[in-house]
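Paired with chain B in one complex and with chain C in the other, chain A is shared by the two complexes that follow.
This part shows the complex of A and B:
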């Protein structure tokens, strides 16, 4: 078996509890949202709720609870993956494994990103399915586009957790963490109507993509023993 | 690899700084602008200007009122000149005139004041709307059980409860629209999708070719009519009004009005900014717009004939010394666009920054010289280009992430 699979298994042991925990919360939130929607449809009538959801000022953002769920998943996975090793200095042992350091750090980050992608895919697919059962495409498509930004936030947060955790210098850690939090506000936008910020998706996606290799910089500095 | 990652870090830092630094600067230095407002008096048929001034002794702001010749008016004179704006106060003071130009100022006349914001840019539309009954047996507007969309297959009514298309109603309306010359799909649907209105006037819909149609449902039957425009439509603002259906913007931000007898009238006003505020009463209609540092008010008569125009210079942040400094300091800013067009990074190109960019570069070069570093190394040349292009952002980013061997 290739060493990368051993590395993935090591990471899986650390993160599985966080992954399943947040996945249960994510699925629970999706069901909770649609129980609420169906309840409102029962109370207000379908036509009343449709008008209320589309044209109220501001319109009802019935999926608002989902905003912080990808963030929660990224924080739980990122912290469970990096915090124990960094806090107990075991990361240096990991760096002495018979794998290139860059491959090792990139492998850890890749594992985390794949796990987050899996989480996002499950929660988003479940939400989109339930949404398409209740509403026409004119609603579901803009809603999905708005949700994408919140789900992209998970990648940004995870990358910055990894980037900050591996950084050996405390001041730099603080600076990275602050930058990550400040830019995060661009992802967790307030939605004034369904479909808001859909045009910003390419830029948000590009930023999330650009943040992926950042962890290599911290890994490189850690390996060199920078202070 | 470390060099590539460093470059990515610099890019992210520049983006972050360009988003937060200019807004932080503006929030720190910006002062509240003094208000200047223009009104058109139904009494004198002339403009009245309300200007906020700072009292030099007490440093307190107070509103001062002038006519167009610059004569100072008392607050009472100002209120008497604008009876529609100050209806309640004038009545309490016993100064409300009984009639104006021979027209009795009854409660109905005084309350018939309409105000609306007109914006040329199209805001987000779902392409889904409820088609109300425009000729109901009972007064008012009631919500139908379905909503409609106009896709490639023509108009489709969707039952809100089941989510299924109503074939009979859809076919009936699609046939009527085709007979009027409508070619699906709709480019845009404009209307007031709300039951909080006095009556329903239907929807104004542009078809695939951009031609304008009026769609209504009268006693359950479709009513569709083509309206010849002769220009390309940019946006439509609908009203619930006895005299007009809507205001229409063309692609050059010229404004037209469509009356309820289907006359399309070009308005004798210019709105380059594409935003204006309309006020109307039984005597006059006014359209207020603003350019960079000027507020302009157009007064029209009830039949949209030109009456007068007045412009006043307004206090604006862009004219201040702080704004000039901002243009010098920051080569660009990334911002969220206000209102309903949400793009995140819109570069806001401002000029006058070349000197500061050059100064940043010289500071960086001086430090490099002091430390006896070579300029010929590719990473240093890259840093120099970044600083020359992005000025203060680049300098901060390059110093935060220094080159290491």
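This part shows the complex of A and C:
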């Protein structure tokens, strides 16, 4: 276990600024959203605003600002983690460590996924808490489902950054990046109503899960010296 | 007995980049306790060999073994026995001097942090100085300190002199030579500065495009390989591959490189009906011999 903690230590040094930076932005956005909501409640009254939010067409997506926050975190964490490894092919230092190459690549990816999970958990928990203080379950449950889709996108994005970064061939990198971006639109497609992802959530979760091992393929190709 | 046990063994190594042949059927043996230098011009396949040895490149055919294990699939136990210095002393530049020592210490059972800090304390840097702010010479000392702390049995040093000024190069070489000889370490290294290698290595491999020209003790090579200088009346004389290892000339002044002795060279010139003047044997350093063998360009 000791080598894995030390590997995580290296990853933490690279990513901590990106993590804290995006976490501050994420928490700031949550507070900003609810400052706006509380202002409207003051103006319209709690009942009036709730009815307006539920029955207005198109529905009021008061949390829309959060849509790109998990993506921002995933991009910042992924880039800060993999860019220094790719620069000057520094990944050779990592692959030379006395641990199996697959374990090293998987360990780096696991770290990134755990950090994104921590980010998601903090921001989502804060949002859900503040949401539950103001709104009934009829509102908070579908809102949570929409948010989950957006937060799942962070895993997909992170996995594709890792997959693309370690790929040694430029054309393949371009292809992976474009594929990642095109598929990402599925996660961000349903904006205009609450509970948008209630039916597609299992598929999106499965896609995010299945994208996790992709980095091992790039790691394998890198290790073989493919060009 | 132990001294001759092979640490590195490459058998019939063949590699191509696309359709371009790098080398074919290359065989390398580095015995335990030897310091082997790999020399070759740019593009001769030095980095390819280093990458195959470190398991970062799969050869088209053939196999490299380190401590009997295929380099494409080295176990963590064998990796622990190998110290690797990347060309340009590349390190984790986002770490500082303290962090990098702490990071590596978790991977090696016999980590000797005192060896690292005693070397680092010689530098005018603080433990919290980031590696990205260091000069190449300082980075070289950090890399060397990490290798000393790891205490590997085999060191692979890829172009270790790149970016170092003469003082740092000399410091690095003297430290390395003393450490390797006293601890009976095996070293496989490349460098573009052959004068540096000459101070360090026991054995040499000289590679040319697609093939190996020399493998063996440096002394054997420099004793056997000779250079003769002479003037001819003409400036258009050519010699066959079977007559000389290489011939360079500027106008009618010729430098003739061969494994033959002076008598044989003079006999060759006589046989070709070439009148020579100012015939002399050149004193060749390893660098002179390398250039003499592989040509200036």
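Please note the rule applied: the second predicted complex is superposed on the first by the 225 of 227 C-alpha atoms of A that agree within 3 Å, B and C clash if a C-alpha of one lies under 4 Å from a C-alpha of the other, contacts with A are read in each partner's own complex, and residues count from 1 in each chain.
The rule is simple: a contact is a pair of C-beta atoms (placed from the backbone, for glycine too) under 8 Å apart; a residue touches a chain by one contact, two chains touch by 3 or more.
Note that this is a predicted model, so its numbers are computed, not measured.
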TODO: Using the superposition on chain A, decide if chain B and chain C clash or fit.
DONE: fit
Open item on the list: Of the two partners chain B and chain C, which one touches more residues belonging to chain A?
Closed with: B
- [ ] Look at A:96 in the shared chain and tell me whether it touches chain B only, chain C only, both, or neither; answer first, second, both or neither.
- [x] second
TODO: Could you look at A:139 and tell me whether it touches chain B, chain C, both or neither (first, second, both, neither)?
DONE: first
Open item on the list: Quick check for you: in the superposed arrangement, does A:168 touch first (chain B), second (chain C), both or neither?
Closed with: neither
Open item on the list: For A:21 in the superposed arrangement: first (chain B), second (chain C), both or neither?
Closed with: neither
Open item on the list: In the overlaid three-chain picture, which partner chain does A:54 touch, first (chain B) or second (chain C), both, or neither?
Closed with: first
- [ ] For the superposed three-chain arrangement, provide the angle chain B-chain A-chain C between C-alpha centres, rounded in steps of 10 degrees.
- [x] 140
TODO: Taking the superposition as given, tell me the minimum C-alpha spacing from chain B to chain C, whole angstrom.
DONE: 11
TODO: Across the two complexes, find the residues of chain A that touch chain B and also touch chain C.
DONE: none
Task: Contacting residues of chain A [partner chain B, same complex] - done: 45-51, 54-55, 102, 133-136, 138-139, 142, 175, 179, 182-183, 186, 189, 192-197, 199-200, 203-204, 207, 210-211, 213-214, 216-217, 220, 226
Task: Of chain C, residues touching chain A in the complex - done: 17, 51-52, 54-58, 76-77, 79-80, 82, 84, 86, 88, 90-95, 99, 102-108
Task: Complex contact set, residues of chain A against chain C - done: 2-3, 5-6, 9-10, 13-14, 84, 88-90, 92-93, 95-101, 222-225, 227
Open item on the list: Could you list, by residue number, the parts of chain B that touch chain A in their complex?
Closed with: 1-2, 4-6, 8-9, 11-13, 15-16, 19-20, 124, 126-128, 130, 143-147, 149, 158, 160-161, 163, 193-195, 340, 342-345, 400, 404
